[in-house]
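In what follows, a structure is listed as structure tokens, so that the remarks can point back to it.
Order of writing sets the chain letters: A, B, C and D. Residues in each chain are counted from 1.
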Amino acid sequence: MLQTARAVLEKDFRIELRTRDAISAALVFSILVLVVFNFALDVNTPEMRRLAAGFFWVAFAFAGTLALDRSFALEKESGAGRALALAPVDAGGIYLGKCAANAAFLFITQLVALPLFVIFFDVSIQRAGALAASFALGSIAFAAVGTLFSAVAANTRMRGLLLPILFLPLSVPALIASVETTSFALGNAEGPSFWFTLLVVYDVVFLTASVLVFEYVLEES
Amino acid sequence: MLQTARAVLEKDFRIELRTRDAISAALVFSILVLVVFNFALDVNTPEMRRLAAGFFWVAFAFAGTLALDRSFALEKESGAGRALALAPVDAGGIYLGKCAANAAFLFITQLVALPLFVIFFDVSIQRAGALAASFALGSIAFAAVGTLFSAVAANTRMRGLLLPILFLPLSVPALIASVETTSFALGNAEGPSFWFTLLVVYDVVFLTASVLVFEYVLEES
Amino acid sequence: MSAHALECERITKRYGRIAALNSVDVSVDPGECVAIFGRNGAGKTTLLHVAGSLIRNFDGEVRVFGQSRGDNGSDARRTTGLVLHETCLYDDLTAAENLRFFARLYQVSDAERRAGDVLARFELADRAQSVVRTLSRGMKQRLAIARAMVHRPRLLLMDEPFTGLDEPSSQTLVTVLREFVRDGGAVVLSTHDVERAFDVATRAIVLERGSLTLDRSLADVDAAAFRHAYWHVLFTGTARA
Amino acid sequence: MSAHALECERITKRYGRIAALNSVDVSVDPGECVAIFGRNGAGKTTLLHVAGSLIRNFDGEVRVFGQSRGDNGSDARRTTGLVLHETCLYDDLTAAENLRFFARLYQVSDAERRAGDVLARFELADRAQSVVRTLSRGMKQRLAIARAMVHRPRLLLMDEPFTGLDEPSSQTLVTVLREFVRDGGAVVLSTHDVERAFDVATRAIVLERGSLTLDRSLADVDAAAFRHAYWHVLFTGTARA
């Protein structure tokens, strides 16, 4: 399974290095949101700074979705994903590979957008280690759910209704936890251990469940 | 030109009625953001209610981008857009048709998401006419710029860098004006005439400029 | 001035250092059907894309019925019909909706009836209300050809039009093209199938690595002799048959 | 129990009210190459998709080398190679990267060398480092076939494999398939080209509106006679030649 995951991960990185589609799309988006927030909301107030982590993660919920979209678009293009799904490998391995690639792209995007975020919202990073952990765990959480549901959406033609009903309630806890842990790293919140634990548990649960369930997702018609 | 625009508009509506891709994607997104904002930011404070319009438009900046993405994806699928670009019609007509379809999808999405917005942010609509005008003019502004740049992005492979540099500064004035006019409609701002004028001027300028310039956008390699 | 349906002068198209086309001259008159032969990657598709103005960044000159592509070009566009590898159809519209849409774009006056006519001509009348996504490959191909002809073009550029067509459909296409040429239309098509090309083509050209190495009328040769000469070129790589 | 390479039993597949396949029985032994003929929309692609387990929601039973698809299926997958209408290649990877990726997925022990070998076999060695997006249609098709064979399958399912191939490439494919069959492999391919099929097929089946109407060995017929009979079916629509 890990061998498959590695092959898929390497492939996605190779394509990303060549096209830079996912990361640049995500980056443009996060910049767009930060700029819009900045202009539209007058963020240079103390209350706003307290909410900065929330804005940051909303931006990433969006940017991440775009990156996930690209990630599965490249599997549909020319039907390569069909061949991938038919290979005699554990579907869980395919999932892990895609998920790892997506999490990495999200994490890289966050790191690149971080300076802009710091400038626009005038925040200061109080605990760098906690910030890195928050970004990493949040990226994994978002990639774990997003990869699963992008695959579901790509294989059914009912994206419209299924997605919000399942995806929304599932992703909200991770988003709140990410916001709280990032807030902690920026010195705007206390008592992070509950939220960090929640993120870790969320990641583990969703990765495990998705690995087990991905086989059925890949099956078509 | 208007005949072409009508044909393109009707085609996009026909496809949308059949697949519901664009609107459902946009809707899912705006719901996602509103929910996330709601959970992550503790919006039920008076300050937050003042900022509600800003949140709403940020959600739509995102949701709209997804809808625009779909709109051009369907032209690329099977190369139909190539045939469209080669037809002996004014490129401006194609632009107007796509732009009208996109603006309509955005507007419909906004109307559908409005009740959720009202509930989550606990706002009340003070001036329904102004709200409708704000939504309509804002949708057109977003569709006008977005349609142009989606076409640019689809025809070049340099989406990564060109887009933020051009798209961001261009769309910010429209977003601010939309936020201010919506804020006025919700009773949270005064003096809307400047912002409404700005939106109208923005719409007219961008529609005109895009119609004139679209021919060069459609040319490939 | 000239009455050529299509005139390509010294067409050169480079991708990086590779010349996909190398100073290709070819002109096609009304009433001609020219078959382009050549190995994979020889430049057949590139030549058709240049002629159809899908590629605009190239050296040389293309004229359609005397009109340069440099001009407004609407007339050249109106008279040209294109069949590409892609179907150029909207997958979520029905067969009839696709044809009506393109007929409207080309301002065909009787769009509705014309769409019905070409559907019937390519034996798709019973699938008119089917969404394109649900059609088989061969049906899509027939519909792609119908789309290229719905606006009554006078020049048809077709990239491997027989792909995926069954025998009856292929023969229908041959009949349609023969009528088209007899009525003064011009056709340029690429193919690998010498026998099929002989059913319909009046002239053959051969591309090798982007250069035109053969251009001859098929009036005085038979398929077997041509195939022999052509295959000799293909397999030995030696020039000019 | 059985040594059939592929066994399809009473396969029925409906799309809405239309039966794309209607109780089709066919089995293929190692050392056989079966050509599927039939009109556009007759069910050729659907049959290949069912056999290749691209479609899993159907009535009937498919077994590959005695293994039901219902089982884990990894073995059946490992022994099957598929060529579809789509290339099933990553457009942004090079030819060599695509083959190495799929070789790794299939746990081919000498992935690197095997990828090089099949590239060379299909005369793509000089384009190994080219991104797939930049290849011509025929080259992509050759690469798609190379991909389907990179893991040394024993059953090949090929949907119109000769599409877009020039004559030398077609002959290469014929040679490769003959060797494959001689070494005990089984091939099922769909095509419209009777002569080409006769170069390689040992048996032919004909589908009409989802039903199998002909299944015969080609050992004792020649191409012309078969084509005559087949075309009769195609054009008159009357059954069983």
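Convention: contacts are C-beta pairs under 8 Å (C-beta built on N, C-alpha and C of every residue); 3 or more make two chains touch, one makes a residue touch a chain.
Note that the coordinates shown come from a computational prediction; the quantities given were computed from them, not determined experimentally.
Common neighbours of subunit B and subunit D (chains touching each): A, C. In summary, no chain was found to touch both subunit B and subunit C.
A centroid comparison over C-alpha atoms places B as the chain most distant from subunit D. Centre-to-centre, using mean CA coordinates, subunit A is 39 Å away from subunit D. If you average the Cα atoms of subunit A and of subunit C, the two centres end up 46 Å apart.
Per-chain CA centroids place subunit A at a distance of 24 Å from subunit B. Here the spacing of subunit C and subunit D, counted between their Cα centres, is 28 Å. Within subunit C, contacts with two or more other chains are made by no residue at all. Residue positions 19 of subunit A each touch two or more of the other chains. Judged by the touch criterion defined above, the protein chains form a single closed ring in which each chain touches exactly two others. Contact between chains, per the stated criterion, is found for A-B, A-D, B-C, C-D. Per the touch definition, subunit C reaches subunit B in the complex via residues 52-57, 73-75, 77-78, 80, 82, 84, 86-93, 97, 101-102, 104-107, 131-132, 147. Of all residues in subunit A, those touching subunit B in their complex are 19-21, 24-25, 27-29, 31-33, 35-37, 39-41, 47, 51, 54, 57-58, 61-62, 65-66, 69, 157, 159-161, 163-164, 167-168, 171-172, 175-176, 179. Within the complex formed with subunit C, the residues of subunit D that make contact are 15, 38-41, 45, 85, 134-139, 141-142, 160, 163-170, 192-193, 230-231, 234-235. Considering their complex, residues 3-4, 7, 11, 14-15, 18-19, 74, 77-80, 82-84, 86-89, 219-221 of subunit A touch subunit D.
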